[in-house]
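Look at the two complexes coming up: chain A is in both, with chain B in one and chain C in the other.
Entry: the complex of A and B
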């Protein structure tokens, strides 16, 4: 059975490019336009294998989203990758403290994104 | 005449005319500070806009290269070349997200300049003045990219004269941090 990814980004083109990359690799992709939308979409309770989220978004940013997801039992061990233009060390530390699994700086290379996902997905 | 009449009372203490002059001087100083900050900020914004132009040009040129490779590999049937070109096209296509953010930050700077001007026009006694002025000085906090911060600092440096390289670092393993 294929894996499911939640892609969260306020930029439609970015969501499409991440979704394009993941769909080509066999993932089923659910898209959300910000943290609030993502929380709404996971409320249904469907199983997600990985979350790829942007940092700076309206309504709810990526760090807050991670904190919200980590409160849910079903997301305690789900890999969550930040995908953002932000590369400042203090922001990365904030992400780590919130419960992020990894941090990828945009622009992303599809092969590197897939390799990183493969590393963090449970075997 | 009136100002002169109110200039000093018998005891030599401050009077309305002098207070008005002090207020005017304070206002003038506030305008001078704004002028100095605005003069610094304008080249920064120009540099940020130039960076956007360079970014779009670079991305368009890269996309053209990959399109040519795709077209050629389609004829020759090379699957590896096609995969690599699609991958590199996805990287190049992300200029839209990056330039959007840069333009938004320039827009935010212009909005702060506008608010700053409004504060000055309201006069030195406007209650929110200090807060508004501080927001303008702290504009750098709006940036989300290292290259924006670098460009900002480089433009403010006195010896700045040439465009600062704005291309993003080579994509690679150093763009990934696993916790």
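Entry: the complex of A and C
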């Protein structure tokens, strides 16, 4: 069975690049352009295997999205990766406190993206 | 490979253009509302997205510069620094600079490094001048580590790991970590420590009470192992002890080593095979220094040919010049390729319509197979259906190229801001009708003419604040830009409430330039268009902005090149309105079909003034001027189309034929044809793309009967007329 990923980023290009890489790796990808959009898209239920989200977004930022998702029963243990340019610790800490599984530091290449995802994907 | 992302570059540049517009608009709005935190956040996010994307593609110059802007923006949005005019100005200038940087990244053109440097310094000092600016320090990418230590075989590591108890709540799975470790080498002696497990009643199933110890034999170094624990290391108790196979020596890995994600620069596209030198260096046969030395001795082809006296140095220089031109042409071409973002709904609708078209087509071919005369009405019905489908598809496809004109208007708030500052006037800009849609090509081409008109209004049209107050006008002058549909055309108006055109000044200047006679009685409608004549300017002093007499003629020429017209309405002391009338699209024109002998030609309807059947004696041949026709006292050159296109006409005598009076760019010419057939919309097919440029022909189209008809190029016909008379003279 193919796995499903939710990709959240307000930057169209960035979102497309992540989605492209994941689609090529056999994922079914759902795209959302900010936190609010993401919450709306997962509201219908359905199984998700991984979430990759940007942090800095309009409407609802990544940290809030992670908190919101963790509140949902179906997202309690789903791996959530944050895409961040800040290698700054504060953002990572904030994300971890909110329940993020891990992070990918921008800029990244497809290989690193897939490796990091493989690292947290449920066995 | 990172090359995978290269295909997203165009999409990235599109997105950057949007972000730049947001940043610029935002900064302009910020000057009015310096306290608007939402606005600052929006600007910051756009800058942030540009930086992130640029980083992904390895556009370091762009990402570094944006980073500097972002640092300052961050201080502003956190309230650590106030938005002063100086700061806003600096950010606007930086936005311009960023635009140049991005354009140069796109086209490969050179950038003025001094400007970039200076702005970088200014941004940095402005950021430092703020409160605790030090926090936004730079992070340097450390080169990624190489696995060097693995040479003396495998090392055994004793690993002890106590994860944080909230491990599961972050979606982390210990099993996953074991799997990763196993991928590094042989994982043995995995022991789970249950000692922290509370009584059954006290267990929270979502918490992790377990810890592990294990042995890993691997050729990889400590860093690779730590990397496995990347996301939990800081919160775990983790010890990794290396035991050499001898077993005596051991060391504890540091607790928090910094790990940096490895980033590979995207390689250039179409890299092709490596040069020979590079391969020799790689294989260790040659040192890089030796290679450089050898390359330095290598002569250029041109030099060798000159030495052998095959060519002269001048010829080489010419060839090099040609090469440079081609290079810059390809650069220019590159930046010209563009994409359109289309609403998926539009495409879905289109696909639906194509489906209907296919159905109608199959019904028709079905009918054709076993057609009897009795079914004629069915056939006609189907044909009507087909026509409806086709027309609808045509409309839908055209709408894909349609963009709101707002994209062309968006540059004006900034322009007017700068102009008003420069001219010391108070100007407000009012935009309306931004949502009016028109063809993308038209939008791209009207930017410059509109800019000229707005500049003209700001500089000549509007008065200074004192003069305005003296004339009982509000101190702040207004420039209005409006766009709306009118029939099959689009109207764009540029209106100011300034002093209006000065009739006397224009007439005086026109007399001085010999454009009109001193005693000519002229109506307003004849006077205002004079300002479109080349070199015509009544401005008393030439300013930085306008008044050199270049501009208005260019405006008119550009608009006419698009098949549009410019009209002027003005009232002394009240203001001036320029109205641009433009076709919705360039791909389809209204044409008049005419016949010459057996051939059908199309004349653009917009350029036809009238058609006449001349009486005897109206057409005369004048020495040095060729054939002329007298139309109500004005003599116009006559072009016999059959001569230009070498056809056999029905009539060679003007009194039997029909003369079309055509006008373009203010010049008129009479064109002789056999018959006027009718009026129809024609789709222009490019001659250059399908054949080659033909003088006097603007393009071709497929006519109703399936034959090809040529569309006349009125401009080109005028050239022909001028040249022929010159030759005749």
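As a convention for this text, the second predicted complex is superposed on the first by the 123 of 123 C-alpha atoms of A that agree within 3 Å, B and C clash if a C-alpha of one lies under 4 Å from a C-alpha of the other, contacts with A are read in each partner's own complex, and residues count from 1 in each chain.
Throughout what follows, contacts are C-beta pairs under 8 Å (C-beta built on N, C-alpha and C of every residue); 3 or more make two chains touch, one makes a residue touch a chain.
Remember, it's a predicted structure, so these values are computed and weren't measured experimentally.
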Query raised in the report: Touch check for A:58: first (chain B), second (chain C), both, or neither?
Result: second
Report task. Look at the residues of chain A and decide whether chain B or chain C touches more of them. Result -> C
Query raised in the report: Touching A:71 in the superposition: chain B (first), chain C (second), both, neither?
Result: neither
**Report entry** First, second, both or neither for A:80, with chain B first and chain C second
**Finding:** second
Report task. For A:103, decide between first (touching chain B), second (touching chain C), both and neither. Result -> both
Report task. Could you say whether A:17 touches chain B, chain C, both of them, or neither, answering first, second, both or neither? Result -> both
Requested in this report: Considering only touches as defined above, state whether A:40 meets chain B (first), chain C (second), both or neither.
Outcome: neither
Query raised in the report: Once the shared chain is lined up, is A:120 touching chain B (first), chain C (second), both, or neither of them?
Result: both
**Report entry** Residues of chain A contacting chain B in one complex and chain C in the other
**Finding:** 11, 13-14, 17, 20-21, 56, 85, 87-88, 96, 100-112, 119-120
Report summary line: Residue positions on chain C within touch of chain A in the complex are 1-2, 4-5, 8, 11-12, 15, 41-42, 44-45, 48-49, 51-53, 55-56, 58, 139, 168-173, 175-176, 179-180, 206, 228, 230-231, 235, 260-264
Requested in this report: Using the touch definition up top, name the residues of chain B that touch chain A in the complex.
Outcome: 86-87, 90-98, 100-101, 144-146, 168, 171-173, 175-179
Query raised in the report: How about chain A: which of its residues touch chain B in the complex?
Result: 11, 13-14, 17, 20-21, 55-56, 84-88, 92, 95-96, 100-112, 116, 119-120
Query raised in the report: Touching chain C in the complex: which residues of chain A?
Result: 10-14, 16-17, 20-21, 24, 56-58, 70, 76-80, 85, 87-88, 96, 99-112, 119-123
